[in-house]
Every structure is written in C-alpha cells, then in structure tokens.
Amino acid sequence: MCRLRIDWLVRHLLGVLAVVAGGLVVVVIFSLLQGAWPAINSGLLGHFFSDPNWQPGSVRDPQYGLVPMLAGSFLVTVAAALIATPLGVAGAVFHHFYAPRQIAKWNLRAMELLAGMPAVVLGFWGLTVVVPAIARIEPPGQSLLAAALVLALMILPIIALTTQAALAAVPLSQVQAAAGLGIGRAGTILKIALPMARRGIGAGVLLALARAIGETLVVVMLCGNIAQIPGSLFDPIRPVTSTIALEMGYATASHKSLLYAAGLILVLVVGLLVGWLSFRKNLDHDAVN
Amino acid sequence: MKNVTLSTSSTNPASSGTAISIRDLSISYGDFEAIKDVNLEIEAGSVTALVGPSGCGKSSFLHALNRLTDLVPTCRVAGSVCFGEGEAIYGRGIDVLALRRKVGMVFQKPNPFPQSIRRNFEIPLREHGVPKKEVSGIIEQCLRDVGLWEEVRDRLDRSAMKLSGGQQQRLCIARALALDPKVILFDEPCSALDPITSSVVEDHIAALRERVTVVIVTHNLAQARRISDRIAVFWIRDGVGTIVEKGVTAEVFANPQDASARCYLEGVCG
Amino acid sequence: MASSFLTPSTTKTRRAQIGDWLIGGAGALASFVTLGALTWLLFDLIRLGLPHLSFEFLTGDMKSAGREGGIGPIIISTLLILGCCLLSAIPLGVGCALWLSEYVQRGSRVARAITGGVDLLASVPSIVFGLFGMTFFCQFLGLGFSILSGGLTLTCMVLPILVRTTLSAMNALPPDLRPAAGALGLTKATMLGQILLPAALPGIMIGITLGVGRALAETAALLFTSGYATRWPETIHDSGRAISVHIYDLAMNIPNGGEKASASALVLLLMIFAVNLVATLLADRWLKTRSLS
C-alpha cells in the first residue's frame, strides 16, 4: 500500500517539476512584457524605428531610435558568420578527410575547448590583442571588425562541430560507391559528402547565428559602444545586447522600459531563428519517414 | 528468362574483358588474418563466382582487386594482383583512381548517390574527364544495357533514391558500366533484393559475359551454377580464409575434390 | 605498343591531385588559423596570469579594486552561486525530463508544450535573462542583489541543457529494461529509482557537467543579479561577485587590471577543466561498480 502511495507522490512531484520547467519561459516573457509595458503603452515603441538616434536619457532631445543598434547587431552577426563559416567548414573537412588520427583527436579536443571558452575570456583577449592590432591600422581599434573577429572565433566551434558530425553521418556506402567509381578525395568531398551534409551544416550555421545575436560580453568589450550605423569595418558600433548591458545599470524608469522592449525584440529574433531550425528538422523527419 | 538487350558496342573487341592473375594474396586487418596465400587465375571475359560460408574472406578478396582495401587504415595486403599483360596493381606509383575506372564494383546494398539519376552518372564521368557532350549518350546507352531506359527516361532529373531496390541496383550496375570498365566486381549484388528482382539483375550480369570480366561473390549456389563459367570455393583452414577448390563450374559441382567444398556445394554444411 | 591496363590520363590525374592539394591545403590552413588563435589566447593568459597564481591569490582578500591581493571571496561567491544554481536546476531539469520520458506520451500535447517551453527558454539571450532575473528575483521576490538571485537566474539558462541531455540519456537506455521491470511487478517509482536512473546516470552527469561549464562561463546574466561585492559572502543573501564578472570588471573598468584578469581567467579555466575531469572520473567509476556487481 505504501509503495503505491510513493508511486503517486513521485508521479505528481515530477509532474509539478516538469510544469514549472516548461512554464518558466512564460514567466520570463510575462516579466519582460510587464517591464516593457510603459514603453508599449505610451507609444514610444514607434520611435524605435522612426528616430534616427538613440539618446533616451537626453533631456533636450530624447531620441529612441533602435535602428543603429539593430544594424549593429545584424552587421556584427553576419560578419562573424561570414568569417566563421568557411573556416569552420574547411577545418571540419580537413579533420574528417585529411587529418591523421592523432592530429584529428587533438583537433577535436581543441574545438571542444574553444566551444567551452567563456565569452568574457575571449573578450578580454580581444581587448589585449585584437584591438591594439586593429588600432595600429586604424584607431580606435574597438570596432565592428574587432567584435566580428572574436565573435567569429566564439561561434566557429559550433559550425565546425556540427559540420564534423554531418560529414561523419555520410554513410560509408556512399564513400565506397564513390571510391569504387574511381572518384578521388577532392571529388568525393565536393560532389558527394558536402552536398549530403548540407542540411547539417545549415543547421550549424543557424545555431551559430542565434548564438551570435544573443552574445553580449564579447561585443560589449570590443565594439566601441557608439550607437551608429557604421561607415566602415573600423567604425565603432553598438549592438542591442551591449545597449541593454551598459544602460541597465543607470536607466531611469521610462528608459528602462525601452530596454525591456529591446530585450523582447531580441527574444523574438532569436526565437524565430531557432524556430526555423526546428521547423527544418521536422521537415527532415517527415521527408525521411 | 527475360530477353536482355546488349548494346552494339559489345561487339567491339576493344572493350572486352581483361584477365586477372592473383598470386599468394594475403589480407589482414591489424592482427586479424582474413585470407592467406590465395592463388587464382581469372580468364578474360569470363564470369567467375566466389562462393563459401560467411567470414571466409570472399569480400576482402574482392575488395583487394580494386584496392578498395586502401580505404581501411588497418588493412595490409601482401602478394600480387596483376591485370592483363602482367600489370601489378599493388606497388609504388599506381594510379588507383584510374584502376578503379577500369575495375568497377557493385555492392551488396544498392548505393546510388542521393541525387538525380543524371547526376549519378555525371559525377563519375566528369571526374574522369569525359567531355560534357558525350555524357547524355553514355547515360542512355548504359541504362538500356540494364533495361532501365524505358522505365526512367522521363525522370532522369528526379532523385535516384525514389527508385525501387531492384531499379537502384540496376542503376548502380549501369553507373559502373558508364566508365567502360574491363572488369566488374559484384559483391553479393542480389542478396538485398527479392527473388523476382534478383533474377532480373542476375540476367543482366550474365549478359555482361565477354564484354567485361565478371567476378561475383555470391551466397546463392544456384545462382553461381547458372551464371558462372568458373568457380572458386572459399573455406576457413587453420583459422584463416583460403580457396579450397577452383575450376570450371560444371566440373566442380559435378565432382568436387575437396571434402569441405563437397560438403558446402551439396548444401550439407556452411 | 600494346596499351597498358592502367594508362592514366596524366592531365586528369594532375587535375585530381591539384584539387586534392587545394582542398587539403585550405582545410589545413583553416584548422591552423583556428588552433593558432586558441593557442595564442592560452599562451597570453598563461604569460600574463601564471606569475600571479599562488595560494595567496586563491585565498586572499581583494585589494585596490582587484589590482592587488587575491580573489578568495570571489571564488567562494562563484561556488555559492553555482551551488544555488545546481540545487534548483538539477531537480527541475532532471525531474522534468524524467516525467517527459516515463510518464507522458511521446507526441502528446502536454509533452510538446513542455518541450517547446524548454526549447524556447534555451533561445533567450543571456542578457535578457539578466533583465528577467533583476525584475523577478531581485525585485519581485525581494531577494535583492544576491548570490541566490544570481544562482536562480543561472538556473533558467542551465535548465534546457539538463532537460535535453537527461532526455537523451533516458532514450539511450536499452529498450528491454522497462518490460523487464514491469514483468517483475516493480512500481514505476522503483523502476525509475533503482534501475533506470542508475543506468542513465553517466549521461545525466555529462549533462550536469555541460550545465556547470555553462554556468561558470556566464557573465551577462549575473551582472545585474548577483551584485558586485568583493567581500567574503556570509550567506547566500549577500551580494557576491562571480569570477567571470570579476574578469569583466578588471578588463573594462580597472586600468592595469590586465594581469590579475589573466590570472582570474586561468583560475576560471582551471575550474571548468576540473569539473570536466571530475565528471569523467565519476562516470567511469560508476560504470565500473555497476558492471562488477
């Protein structure tokens, strides 16, 4: 009798835990909405897209244009992806098809190490090495380029590891078929393995993009923190994440609610990316079945 | 038996099969010896069947003939394999890719590339430098050779994976034929197919006689009897695979000399 | 002359060779650049920070805004934040996954809703979690800037990792375990506790390690939740600075903080490494005891 009682308890306890875990995101979004409500209510949100600059604290000429920062987020993410994708894919191809076993093992370890590297450490290194190097070419050094380079380093393991897994998933029968037809390594990679790994690589890139858009530390340390649409790679920028991180500390009430709204926009964008990703995965699943 | 059409190019003597001479072939994977000191002479243009229970090294032997064993890092091959006028394929400076063009292979489980039927031909043909304008003609010819042309002529740009198992396997044979090989190796090509499809594929393999040299590994003794000119029986001796009986198929089946071979061929064991 | 069997077309062979070299070269270059950057980073950290690593550094008080002294209080705060995080995240994450795995139909609405909620949680950027934590834990629940607030905020970030890895650990269990338990008349709770969980433990441990690594590395979510204090924390209600936040502060706000920042970064990396090591050893030991008995 006691056993059944315990069984009932365990079942319901676990159920409660599951509901809390699943419902947490609802609490988060609700909380954000609550914080953003004053901004939404007062119609300030429209200013996100109509005002040219971001000067919410200014008394004389308060402006709430989010566009420069959205541009900053977008540009640094795309730039990082453009750097990281070829490096990651090429590195994975080398790891899977060319590297001798010992080197491949260490390569994998190194990639996993890089994947676990805290963003703050990467940002710190960027500050001490990358920024001065760029400053030598064109001051001030803290710029779109600096942030993009280190951000690329941060997201590269995601792309490399997913590409590596996608290449490993190419069935041996295909590699044998190609070999049996006298197709060399380069031909096998370009015409058979990479096309088959396309979906996996795409998923990795999407994941990397989602990670990059949401990244705060690396960009706040390296981007120069000037909310503007950059004219060149060497100009400072300020992505949305940096704005929230920097201004949260001293923002006044209405300013703060704008930051909450910006946060919600971030959640929306990343949520869409990740949603697209799982949509693709479900498509794959149905296609296979 | 189904009527099988042969391409007119099969009467071209230049594309007839090549003889293979295997001497003292031993294959090992790390510490594991798969086969040891195997000798076999394969006649040009003949169909040779390799039979025997599982695990006797037949597939390893076959894979050594087009150096597909190179794909396995731990595999060591000793002895010699010579094609035609005594050209050894193991040694320094051998162009393995050219070898595999001359020696094609069809695998147990059909493995077309997950792309269109056309691409399945284009990729190997272009890799081997065949001019673009010849590709379509070769595709049609080879698909006719395996009796697929009428079935797929309208869907060449659709995925090869949508074909049935038997069609896929015939596609793989056609794909191997497209490179105009002198030898085609078949590794149990019908074992993944149902009996009816199996017999269709078998007929196409038999029709390749004279045009190419065929070496076929099969578990189906009746099939071996039907289509092969010569046969080699593999068995495990002293823990290692080796050939225990070989010769003209009809003679070997009628009068096997080796006790294990007799036992196997009569269906009593193995 | 009789045509030889193996006549290769020399131009084609050369083309194939060149292609192979190009791709291999590009790949090797890419790997080299990546690994080079990583090595450079580690080298710099060691060069700047290793001289400062000492027992006094690890246990001493902070002085002069971090330019001197040690990071003792910070290490303690970090461990406390981690502890709070794990104490809430593990029951929630593992419990949720167990419920989804054993008590609910695979594709049912409830299962999909909860999985969807957890997945959505995973896509929230860390700074937004910081906003949430500040509003919910610090203000609404009245916990203020404290280690507890920081730990609970980190729970939200670590939760999806735990749920996902526990779920795959449960899915990877041999399928005949459950019918075997059922045939012996065990209750679900017993089966779960005595058979399934122990078998899935290595996988779950890996998930916890991943979560801990993530929590240790996290900075943005802690900026406005756990506070900046650098004294020795006395309770979890005290404000405390995590080591990642400390590195950020030294790097951005303190001139000449570079060397101490490097040293702190080394400590952080060592902590992450140590966690990985412990988890691997635990998993191995557990597997050994199970197979012996």
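A few points about this structure:
As written, the chain order gives the labels A, B and C, with residue 1 at the start of each chain.
Everything below uses one rule, namely that a residue touches a chain if its C-beta (ideal position, glycine included) is under 8 Å from a C-beta of that chain, and two chains touch if they have at least 3 such contacts.
The shown structure was predicted, so the numbers you read here are calculated from the model rather than taken from an experiment.
Taking the definition of touch as given, a chain qualifies here only if it contacts chain B and chain C alike; those chains are A. Farthest from chain C in terms of Cα centroid separation is B.
Chains A-C form the pair with the most C-beta pairs in contact. Taking the mean of the C-alpha atoms as each chain's centre, chain B and chain C sit 51 Å apart.
As a whole-number value, the distance joining the C-alpha centres of chain A and chain B reads 50 Å.
Centre-to-centre separation of chain A and chain C, using mean CA positions: 16 Å. Multi-chain contact residues, meaning those touching two or more other chains, occur in chain C at positions 16. Counting partner chains per residue, chain A shows two or more touched chains at residues 184, 187.
Residue positions 97-99, 127-128 of chain B are each in touch with at least two other chains. Those residues of chain C lying in contact with chain B across their complex are 2, 4-9, 11-13, 15-16.
Note for the complex: chain A touches chain C at residues 3-4, 6-7, 9-11, 13-15, 17-28, 31-32, 34-35, 86-88, 90-91, 93-95, 97-99, 107, 110-111, 113-114, 116-125, 127-129, 153, 156, 160, 184-187, 189-190, 210, 213-217, 220-221, 241, 244-245, 248-249, 259-260, 263, 266-267, 270-271, 273-274, 278.
Within the complex formed with chain A, the residues of chain B that make contact are 66, 68, 71, 73, 96-101, 104-105, 107, 109, 111-115, 123-124, 127-128, 172, 175-176, 179. Looking at the complex, you find that chain C touches chain A at residues 16, 19-20, 22-24, 26-31, 33-35, 37-38, 40-41, 44-45, 48, 91-93, 95-96, 98-100, 103-104, 113-132, 134-136, 140, 156, 159, 163, 187-190, 192-193, 213, 216-220, 223-224, 244-245, 247-248, 251-252, 258, 261-262, 265, 268-269, 272. Residues of chain B touching chain C in their complex: 18, 83-85, 87, 89, 94-95, 97-99, 102, 127-129, 182.
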